[in-house]
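Presented below are the structures under discussion, each in the form of structure tokens.
Heads up, the next two complexes both have chain A, just with different partners, chain B and then chain C.
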Partner chain A sequence: MTPAATIPVVVREVRPVTPLIRQFTLAREDGLPLPAFSAGAHVVVVMPGPARTLRNPYSLMGTSADLSTYDIAVRLSETSRGGSRFMHEAVAPGSKLAITPPVNLFPLDKLARRHLLLCGGVGITPVSAHVRELVHGCVPFEVHCGARSIEHATLALELQAIAPDAVTIHLDMPGPTMDVGSILAEQPLGTHLYVCGPGGMIENVIATARAAGWPQSHLHWERFTAPPAGKPFEVTLSRSGKRITVPPEMSLLEAIEAAGVDAPFLCRGGACGQCETTVLALDGTLLHHDVYLSADQKAAGDRIMPCVSRADCRTLVLDR
Partner chain B sequence: MSTSTIKSRPVHGTLVPDPTGRHHIVVGEGPGSAPVLRMLADPGFPEHPRHVLVAPDPASGPAGLAALSACGVAEIVPDVPSLLRRLDALLGGCRMGTRLYAAGSESFLGAVVKIAAEHGLLDDERRTEHAGSAARRVHCTHCRHVNEHVTANLVACGGCGRTLLVRDHYSRRLAAFMGVQADAEQPGATPALQEVFP
Partner chain C sequence: MTIAFKPDETYRDDFTFRNSPAAIRRFPFPFGEDVYRYAVNIEPHVRGGPTAAYDNLFDIDEHYIAECRERALVLAHDPKRCQALPHMMAAQWDTLELLMENLSTDYPEHFSLVRDGNAWHWTNRALGIEQHFVFGDAGTLPCEPLEYIGRQMQGDLTLQDQREDNLFMDAGMVTCQADWSLEFDLGMKFHEWHGPVPLAHEQGVFDRALKFLLNLQLGRPVRRLNWTMTINPRMDTSPEQYPQWGPDRTTITPENAGSRVHLRVELQSLFRLPRSNAILFGIRCYLISLEELATIPKWSRRLHRVLQTLPPELVEYKGLSRFRDTAIAWLAQRDDGAPTSVGTAPD
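What follows is the complex of A and B.
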């Protein structure tokens, strides 16, 4: 995937759905239909930020039944690196953006006999697409949405209207009230579990499921890690013959892109593995933040996922 | 002979307890009772909750299950079809966290895995160990007849009479290996008959 493959889109509608979440309706600038996608897919939105280009992944909320528009929802992050703030403050109906074609790293499992979907906060966005697909099928499903309060539960209420028997909303009072243990305890054989939400929620749900004997093949989660900030470091790109500095607030991938070097990516969240880059020389330590490489691969120090990972080093030479 | 590079050919392992499971179902057929006994004796295998069902195979009969009967923890089922019906009903009431273990002939393991798949069990929820006959169930890709207990690389199809070459290409849905007309590429050029699945 390269920046050249992006699709120019125009923002048709901006809708504040909760105090923290805005929903954006996007259409192709040329009016043609958007690419078809399956539930769970995301696009990367390319934002012409004031200082630099920002690229954030957002899940598509609708279905392929209507490809005239895509819907995404963006939660304003308290620790925004600029992306969610840009979407909330600088984007209005008529704004022009670009998106990558959809990629699905969080699909529904076609072999499932039953689907159990748990989401928290803005993690509801891929689940919105899943539910809209599942209501047309014959496989039973069950959805649990966690929200801070009823005014933060607009998207969950919309899902409940689509599938009243399947969707349960759990409001914090003040902490999370979703009893994951009892939800998981009585699920029939052949159930697949999907989780999307804050990192702590995903870890808790997956750990609870494993303790209850759920095998890996039935567990699915999606977590887009925002690239963590860190100390600046210098990198030599051997193939393109460039030497760049990665500033504290910029990811390695963003710095490579800012230097005009075409680098592959899909999720930009350390999950998919697309941006894997070979480390040719290193004097220092790689700071791996991805969930893609195994512990052994991380320890070997011969490759890095530049979308989220950094380095504390005197020398780093990448095959890029 | 058929190529063994085909990845759909079932690969069986050794029955060992999976400590991550919360409910364990063990099924065995004939000579499969030995691996079942071995696993039941494993100190890592939980006492409860578990179900153990074993059926005799036609060759050795109930006498082959004497050792297992003596230990008293297994339920002896009259024959394989009854065992498969029991397994189907049992899985229908099971919850996530269940693990399935099977030991027996190639055909038995295929039938068990097929039922397990119909209940949504995936590879990491079941373990299989081959014991006894390697004879294959062979599905004729021309007339769809299933030929039971095929021990050679070639078989005359009981449905259409074609001479079928037994491939390693396996269908989990049908729990059978694929048989294709042996001289389809070059009429009359049929490989030599070999007993390869004793």
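What follows is the complex of A and C.
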């Protein structure tokens, strides 16, 4: 399936919410309502970068009750490959961008008897949407937000204002204070656990839950891996008959797109599996960075997720 | 364009359902070549295709009023043909919105929708229905949203919740099914409700199809065709009604095959729903008798050749065993061996 048609949007408002996070309010250029969405959905923002087109996924923070605008929040990444820096430095009210229609890879489970949501840093963005949906329902929920300090906790404070009894804020000065083990220990059977935040936090929460015997079906997390930089490598695209070089700062998917070849994608973060591509020939090693393929599939070396994965190779031929 | 409805035709008892010459030409004939070949055959559900049945995302034709009455008869006799688990209410509203938007946009002479925030005004001139209601408030409709709009649609609808990397059939309105039961399948996951299908599990068809559907995108619906054969133009060939229609399959003779054996084609469409993240599965059923089909010589030639090459497992699964040979003999008299053109469109 080729990529979805994008929606032209204009930036209505830019709001610095913490020293590192800016919130952007987007509206359709033609003034029509944006597509309805479910809590946990993200869009991919297409940015006209100076050297090339940048595409990053960002979670939608609001609800479908008001579809005149979408809200996203972008944390400036110290290791930005261009996307978050562009959003922070080049985007202002009136700027024109494009977005893909919403996709939800982090939905609430509709059969849960209780929801437990843990988030850290900018991982609060999908949880913002979840909480705004949950306050209108009758299923109990509990939210724990981690932040470095109070000046980094603006979005968490806003959530606390919406659901004062459900939201707890944990400030990490001088060190982490969210006691995941005891939070999990207090949950009744039937609780679904959701976690979004830095990679280390997700791993810790999921490992703690598994060790405590939580069933896999009740564990949910969202982690968009930013495509890591690496050594340049050459790729042959057999179907389109092209030979391309993937530069250090560009992902394989971006290099394929830059060569004018349409490739499928949804999350651009190694999570959804949509961009899975067959490896026809390989002399070297695939550097898998996705969380989609199983360990066995990665070891087989016959497929790759080009949105985040790379190769250290003399030859790589892809069915694309 | 105003559709000339045929409101009095019936799908039971005296079976007065017939296709006009125009309805025959728009039939979504499913076979693209002269041999049977199993394929998942999923393609984007975009406007336009080999016949006019593909012109809109939800097709309304001359049988609309009669088919809606048939649905009401089935529901009156068996209310469990429409069921929705409690967590599917958002998906029900998503469905109502999608259908009302499409019908009012594509058939403005028959349907209209006026929205003022959540205060909606729906008019269905074909069925003489006018309804003011509040979107999201089921108490303002005479029944739940899926049943409300389902009663005004040709074709069955099921709603699949997405969780645990799977799809669960957690709601539906199913009155014109080809021998499967919503009451039986409700709550099942993807591989479970496809359990009875022969051959495809072993080929990994359902693993691939599920993976594809889990990533189905908003605004990018897909479709496929499915088919079987039915004796008489009977919509309700459900397991619940088997005693009514099962024995019909033993009554086919060379004399009556042309008028009583029908090709039954389902134009199946799949839509991602926005607020619920559920998937809507539309199963729009078309019936055509062999006599009607033979007015398009390409189609009767090809059906003859396809039926001859159908694997025995599928003859059994589709329930054709008792009359396939008679149907083939009827079609053989109309197959001069001439080559057929590529594709499914009529010549």
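Keep this in mind: the second predicted complex is superposed on the first by the 316 of 320 C-alpha atoms of A that agree within 3 Å, B and C clash if a C-alpha of one lies under 4 Å from a C-alpha of the other, contacts with A are read in each partner's own complex, and residues count from 1 in each chain.
We adopt the following convention: a residue touches a chain if its C-beta (ideal position, glycine included) is under 8 Å from a C-beta of that chain, and two chains touch if they have at least 3 such contacts.
Predicted model only: the values in this text are computed from it and were never measured.
**Q** Will chain C clash with chain B on chain A after the two structures are superposed, or do they fit?
**A** Once both complexes are aligned on chain A, chain B and chain C clash.
**Q** Of the two partner chains, chain B (first) and chain C (second), which one does A:103 touch, if any: first, second, both, or neither?
**A** A:103 contacts chain C only, not chain B.
**Q** Quick one: is A:111 in contact with chain B, with chain C, with both, or with neither? Answer first, second, both or neither.
**A** So A:111 meets both chain B and chain C here.
**Q** Check whether A:274 is in contact with chain B, with chain C, with both or with neither, and answer first, second, both or neither.
**A** second
**Q** For A:208, decide between first (touching chain B), second (touching chain C), both and neither.
**A** neither
**Q** After the superposition on A, what does A:95 contact: first (chain B), second (chain C), both or neither?
**A** Touch status of A:95: no partner.
**Q** Could you look at A:184 and tell me whether it touches chain B, chain C, both or neither (first, second, both, neither)?
**A** Once the two structures are laid over each other on A, A:184 reaches chain B alone.
**Q** Would you check which partner chain A:217 touches, where first means chain B only, second means chain C only, and both and neither mean what they say?
**A** In the superposition, A:217 touches chain B and chain C alike.
**Q** Using the touch definition from the top, say if A:38 reaches chain B (first), chain C (second), both or neither.
**A** Touch partner of A:38: chain C, not chain B.
**Q** With the two complexes overlaid, spot the stretch of chain B among 93-101, 111-119, 129-137 or 183-191 whose C-alpha atoms clash with chain C.
**A** Comparing the options 93-101, 111-119, 129-137 or 183-191, the clashing one for chain B against chain C is 183-191.
**Q** Output the chain A positions appearing in both contact lists, the one against chain B and the one against chain C.
**A** Shared contact residues on chain A (touching chain B in one complex, chain C in the other): 111, 217.
**Q** Within their complex, state which residues of chain B touch chain A.
**A** 20-23, 91, 94-99, 117, 119-125
**Q** So in the complex, which bits of chain A are touching chain C?
**A** Touching chain C: residues 1, 4-5, 35-38, 41, 64, 101-104, 107, 109-111, 217, 266, 272-274 of chain A.
**Q** So in the complex, which bits of chain C are touching chain A?
**A** Of all residues in chain C, those touching chain A are 87-88, 90, 94, 161-164, 211, 215, 217-220, 274-277.
**Q** Note which residues of chain A are touching chain B in the complex, please.
**A** Where chain A meets chain B, its residues are 111-114, 184-191, 210, 212-218.
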